[in-house]
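Listed next: structures, encoded as structure tokens.
You will see two complexes here that share subunit A, one where it goes with subunit B and one where it goes with subunit C.
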Partner chain A sequence: MDMSLSLSTLGTASLTLAMAVCVYAMVAGILGARRRDARLQTSARYAAVAVFMAMTTAVLTMQTALLTDDFSVQYVANTSRLASPTWVKVVTMWAALEGSILLWAWLASGYAALAAFVSPNNALRNWALVILNAVSAFFISVNALVANPFTLVPNPPLDGPGPNALLQNHWMMAVHPVLMYLGFVGLTVPFAFAMAALITKRPGSEWMQQTRAWSITGWGFLGIAKIAGGWWSYEVLGWGGYWAWDPVENVSFLPWLTATAFIHSVQVQERRRMLKAWNLLLIILTFALTILGTFIIRSGIVSSVHAFGDGPVGPYFLAFFLLITLGAFGLLAWRWDQVRDRGELDAIVSREGTFLLGNVLFLAMAFAVLLGTLFPLFVEAVSGDKVTVGAPFFNQVSLPIWLGLFALMGIGPLLPWRKANHQKLIHNLSWMVASAILAAVLAYIFGVRKVYPLWTVAFAAYNFASIALLLDAGVRPRMKATGRGFWPVLGQYAQESRRRFGSIIVHFSVIIMALGVAGSGGYRVDEQVRVDLGGTVALDGNYRLEVVDRFMEQTPARISAGVIVNVFNGNRQVATLRPRINAFGADQQPVPTPDVLYTAWQDIYLSVAGTVSPDQDFVVLRVVQSPLVAWIWVGAVIMGIGTVYCLLPKRRLVPEPARQTALAGS
Partner chain B sequence: MADYHPIDDHPIEGETNFDNPLPANVSASQHAARRSRKTKKLMYGLAGIGVLLIAGLFIYQALNTSLVYFILPSEYATNASLYDSRRIRLGGIVEEASVRFDDQALLLNFYITDSVERYAVQHYGTPPELFRENTGVVVEGGFQDGMFVSDNLLVKHTEVYEAPEDGKIDLDMLRESLE
Partner chain C sequence: MDSAKRSADAATPSSTPSSTTPATTSSSASASSAAVNDPGHEGADNTSRKAITRLLWLIALVGGLAGLFVFGITRDPNRRDNIDSVLTGRPLPAFSMPLFDRYHENYGEVLEFTANSSTSTPTGQPMIINFWASWCGPCKDEAPVLERTHRRHGDDVLVLGVNTQDRNQDNARAFLSEYNLTFPNGIDENSRIGINYGIFGLPETFFVAADGTLLYKHAGAVTQAVIDEQLERMLPQ
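This part shows the complex of A and B:
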């Protein structure tokens, strides 16, 4: 009892301390800036580190409580369970509301502390830290004031219910939320520097050049986190899909869309001094949408596995969202004179023209998705009708926009800044369009008859041609100048132009994923089949299933009942799958747990439908065959590699004189 | 606070400074260039508005056709023609002794009721784990010749309604619990 009392008290005390120091850091930062007091500013920086340490103590306390099954801590009593394996106990910290806020607050304070010490010492740093600390203070205060995970339970139960069965059913739960928060928190840093730029009246490019690495890191985490979430959904939910246009998916898609627009349009400002206000607008939108999304999901106004019941947290997030939106946009309006562009768009057929168009498309998609997600709320408020906006809406709206983006993605990087040389443009475009037509015709001959998959194949070829032309344009002059072979020159080019090369990798991965989406979205076969034990059933393609037997399995944490299924391709056995139904304790509904055979061309996805019982000599399987779905996961890995490549520091392998000859040659 | 010093006014190596595109002594031809720039701006603006209008119409159309109404059997009965051509989510209670499951064809048939109206439902697939008589369900699909053909069946926890005392269910509470 003494021990448990101390954990609850220690946790609450750490939160309170973190909160107090965080408020101090903000005040010291503001005063330090106004009085130009370097000591106060330094004190604020150290305070940011102290906040992080206090939050780390809180997190460690929570981990101790979870791992020692201390049910006198409210959060542990509500969400943990004695029988859970250790990794589940660790990740239970973010399986429910209070703990997930704790994780977010911890990461936010960590980023603030990091920014306090790695950012260059200039006019922006101090104010950016004030903003970062304000954001940390908000999240810590959610924990400290309205959702304290450390509340003491006077009469602790002997055991708890454990986390949501769908969450403990897959290790992705350990990864996806953390990546998501790293993305959200990472994009807070450019937001903070943007605000600092407005406050200090330095709305030039300084803020975004300083936060370039943060932006790309945050964007990268967010994208990978979304795809990881899709993979979780694929592996766990049993319907064989990865994206359902569910409100939760939609709202976390929104900041990714605006962030993607942002990382493109900042380049226009870097090179052309244009779009100052636009970039500020995008980063504010990104941050505001993050908070709005959290409000929509956590407040329980939409139902999902992420909705942790409705509590006081909803209004709290809504208030913060309004504060940010009003404050940030108000500041932007106030500084409008300084953020107006002086450079102008020379021609729409230029690098910046395509970036701008792409931005408009990203924003249009964000708007449409937001509208579709919130529309049921409007309808209910106006007419009282309960409606949902079906997936057809989102597909109808977003698929054409994606095609437009693919078109721009291919041509944009090939265009020069300012104004394109028409001859060169026509030369490039004819190669790309020819590839597109050829690919579409081939796909048509091989049986692809649906509109969107055909367009996707065409645009994939168009983009592959574009990448080839890009590499050609980078490599050929260097080969001529140096007389070296293709591969060494390509390697040198890749090392010299990391940003360009990284972006080529990322664009390549987007095409791979687009093909995966086209294949699995357009040609997914979903059916239920009844198979007698020992019987076989033929599937599309050359595949055949043989249901061997039932099985039961028990671990301390769960009971599984499933079937053993051999998968044959022709006469060759290619896999043994074990789809099952898992039950985690008596308090929770059993969850079907699919098993998947991953192959490059199509996945065989099996999930038990109905029941597996000893008095029934057949089973019903839900069989989903999705072509190319694995390309999405592979694409995500490539995208991660490309993102990291963009961020690698420049290295010059070739001695300076040689490099200059090479450049002169190009 | 310090005055605004545009710190990024220095041009990037090898590029012109685009922030000050026109020198102080502006010639007549440059004036003309400015004017044509203005018309260009206007054209971009008009094109933008046009695109927005088309996009708005398109979005409206797409929304209109993708709305899925959630209704109870009695609501369908009073306004059948409105719902007949669209996809709906129909909520209600699985009527007692109405469940038939054909485990060869994998077709599940039952009646859904809100104690005012009842309709036959046909669903392709096995009954979900918690599917029972007298439980709340939501089926998604559409009416075909008076029968609701469903491709998505969700079981809702509505133990409250398992034994209504007078056989009548409070429709508002039912709707609330199924949503």
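This part shows the complex of A and C:
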């Protein structure tokens, strides 16, 4: 037997060590809290860091195995390949189940370690760490017990099949899962502090003020991750769309919906000391839905086009989901009398009133999406019949809810807390409604005749007017008071009210994205054309395609065959697109790589449909023209900027020169 | 400091009945079980009865969900994907399919299937049409089953393989040699047949009556049990 340390052994050992230390951290944390033993509590905090270090070793071991093509490690043998470029080998770590869990466990342990050292030392920290370590322990144990990526292959193959071709096809696949997990893991921190608040009977606002940055970070990552996934789908799958209401998409949408409700309703608790129980409920729900989603995706209980397959981890995730729902909701139910609100809503027409209504709408949408996703399973369990719930149901349910949310999004930030001044409300609303009507009429004249796109345009104008009114209300009094011009005052306002300004940026981005969805959803043209080489095709709006030639391309990792197409707008050539079909390795199904001309008003999207071969003098192309679809991607970037802006630390209020004098004086 | 001020005013709203349990004010570390066993004051009975009712509701709800999910993971994954074909009970679309070289001697170069003619299937017998590709894992599992069926029942049933969505024919030929498939296999050029038959994954197997109508479509690898069950329907006793 070879006695040298193999990567397989090192990896398994790191996982086992991480698991053991993690369990120790939990036990030490619980004992430390019950006995009020500061030394045990400190030990638990250092143990959380040790878990992270052990997990980091495991991750580095996996990376070494992937980069050195060590096929004696099971995961490498199953999912990697000699010919893959280096970046693909790195991201292969999260291209399949075992590695994804490893990434998740690593990030979870990293957040636990970070929380152990940045959280203020108070009653909540200790229990929150116990919960965070428990969550890490679950994920590490999935790796250590049921899906060990480091299992030794006794007779290693010379090469492996490589990761799923669709994942090798686009760099976004390197980013999307990481963002997703950062979102999930980020939202685990407020969950852990919420549980700590319930356990220690301190259900005030402390837990959520301490985790505000974590919540917004997690929420931001989750939202960006969803859109990144949509963009990947658009760039890679060849159907020219980005969202299909597939079960896998739906279940990862659910925690985003409840998290969005949460980041709004915590503000009501912060200001009005209301909705305490509601906020606890939302954060528990968010975390539970994260685990439920992972269970649904990984167990394959609902048919989906996303091929994750029937993994061995399904029952394991189900057990964890049941444990969380029973444990966390059970504790909340037990403590209900202590967390229930005593205060009452003064008036529905107030900031908190709109936040509450918005919350109801977000939850209604989450419920409808969950129901639609699980309905086929339910019917089959009851009657044995097969049904499918498709996009029409989800669109019909969610579009009116979105419109309701847009209506609230415009008016909510303009209303004061407690009770609105009716005169002011009517003044603001009349500006906003007038803008909406004007925009809708203009859109109608320019040819927008479909109901939902018209409504979206109307609500977009309504919301832009709302943002203008908000800025006006923030800037005008300051201009009067200081006598300075608009721009310097706006800059100062933006720096002083970072949360307010950040939220305005995020709401603006939501409207931009809504317009993108309305345009591309309502007015997409999708056709399949057969073109002879050298031939041309006329498209909608002055565009024309000219098929120039075929081409072949070979890199060590793939063979591609494609078509060179010139795109003309009028008589001007605006782009040359090269859609192609790729084959990665011998055992995989070929996948298309569409090519897209991005423009502000509409995308021209080409995908090769059918074969490209030397003895064939025609090609079949799928041509999709999507108006405004680029607005979604731009909107996502703006949303990210707004989220970061919310999180930036407040500028010191003392002006720089004054501070320096003060320092010099001291 | 901003955060210190906040947590100070956050601690005050223990305005609410958390003060019923004396432990709260003094200790952060009071274990949850202490509160559970010792609610303390009068009216506590009532409170804990309400809490128990709430817990029972929760357990019922979670139990229902758990039942649904356990059903979900324990059912046969093949059954999950077997959505009835819309073609069931109807004549299948006609096709003409070039066969691989190795079958030319016994079955000719091209196999014609015209369900609408009076003779229906090519040999006037019931058929099993199997769609496969060389890259598809479950196709490898079912290949021996199909070959065995052909050897046992080849006189009564025409077993037909359709190679579809394969990248090149060399892979397909290697597959045929590896499993030594003696029933006729042909090439689905440009995936035409697959599209006409509405396949959405591989493998899929169509069981066809002698008159050319579809009896049953199976998604996923076929097993001997599935084939035996269908043969009973297809063959006169």
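Here, the second predicted complex is superposed on the first by the 639 of 666 C-alpha atoms of A that agree within 3 Å, B and C clash if a C-alpha of one lies under 4 Å from a C-alpha of the other, contacts with A are read in each partner's own complex, and residues count from 1 in each chain.
One rule holds in what follows: a residue touches a chain if its C-beta (ideal position, glycine included) is under 8 Å from a C-beta of that chain, and two chains touch if they have at least 3 such contacts.
Not measured: the values here are computed from a predicted model.
The superposed arrangement places subunit B and subunit C in clashing positions on subunit A.
In the superposition on chain A, A:L318 makes contact with subunit C only, while subunit B stays out of contact range. By the touch criterion stated above, A:F393 is placed in contact with subunit B alone, subunit C being left untouched. Applying the stated contact rule after C-alpha superposition, one finds that A:L158 touches neither subunit B nor subunit C. A count of residues in subunit A touched by subunit B and by subunit C gives the higher number to C. Shared-chain residue A:P590: touches subunit B and subunit C both.
By the document's definition of touching, of the two partners only subunit C reaches A:W334; subunit B does not. Judged by the touch definition given at the top, the superposed model places A:R271 against subunit B, while subunit C stays out of reach.
Residue contacts after overlaying the shared chain place A:A364 against subunit B, while subunit C stays out of touching range. By the touch criterion defined above, A:I445 reaches neither subunit B nor subunit C. Touch criterion met: A:L374 reaches subunit C, while subunit B stays clear of it. Only one of the subunit C stretches 8-16, 44-52, 98-106 or 170-178 carries C-alpha atoms that clash with subunit B in the superposed arrangement, namely 8-16. In the superposition on the C-alpha atoms of chain A, the part of subunit A touched by subunit B in one complex and by subunit C in the other spans residues 123, 200-202, 204-206, 273, 338, 342, 386, 388, 589-590, 610-611.
Interface residues of subunit A, counted against subunit B in their complex, comprise 123, 200-202, 204-206, 270-274, 338, 342-345, 348, 364, 368, 371-372, 375, 379, 385-393, 396-397, 528, 530, 581, 589-590, 609-611, 618, 620, 622.
Taken in their complex, subunit A has these residues touching subunit C: 33-36, 120, 122-124, 126, 199-206, 209-210, 273, 295, 299-303, 310, 314-315, 318, 322, 325-326, 329-331, 333-334, 336-340, 342, 374, 377-378, 380-381, 386, 388, 583, 586-590, 610-611, 650. Residues of subunit B touching subunit A in their complex: 1-9, 12, 15, 18-21, 37, 44, 55, 58-59, 62-63, 65-71, 87, 89, 103-104, 106, 124-130, 175, 179. Against subunit A, the residues of subunit C that register as touching in their complex are 2-3, 6-7, 10-18, 21, 23-24, 27-32, 35-36, 47, 50-51, 54-55, 57-59, 62, 65-73, 75, 77, 80-84, 133, 135, 165, 167, 171, 190.
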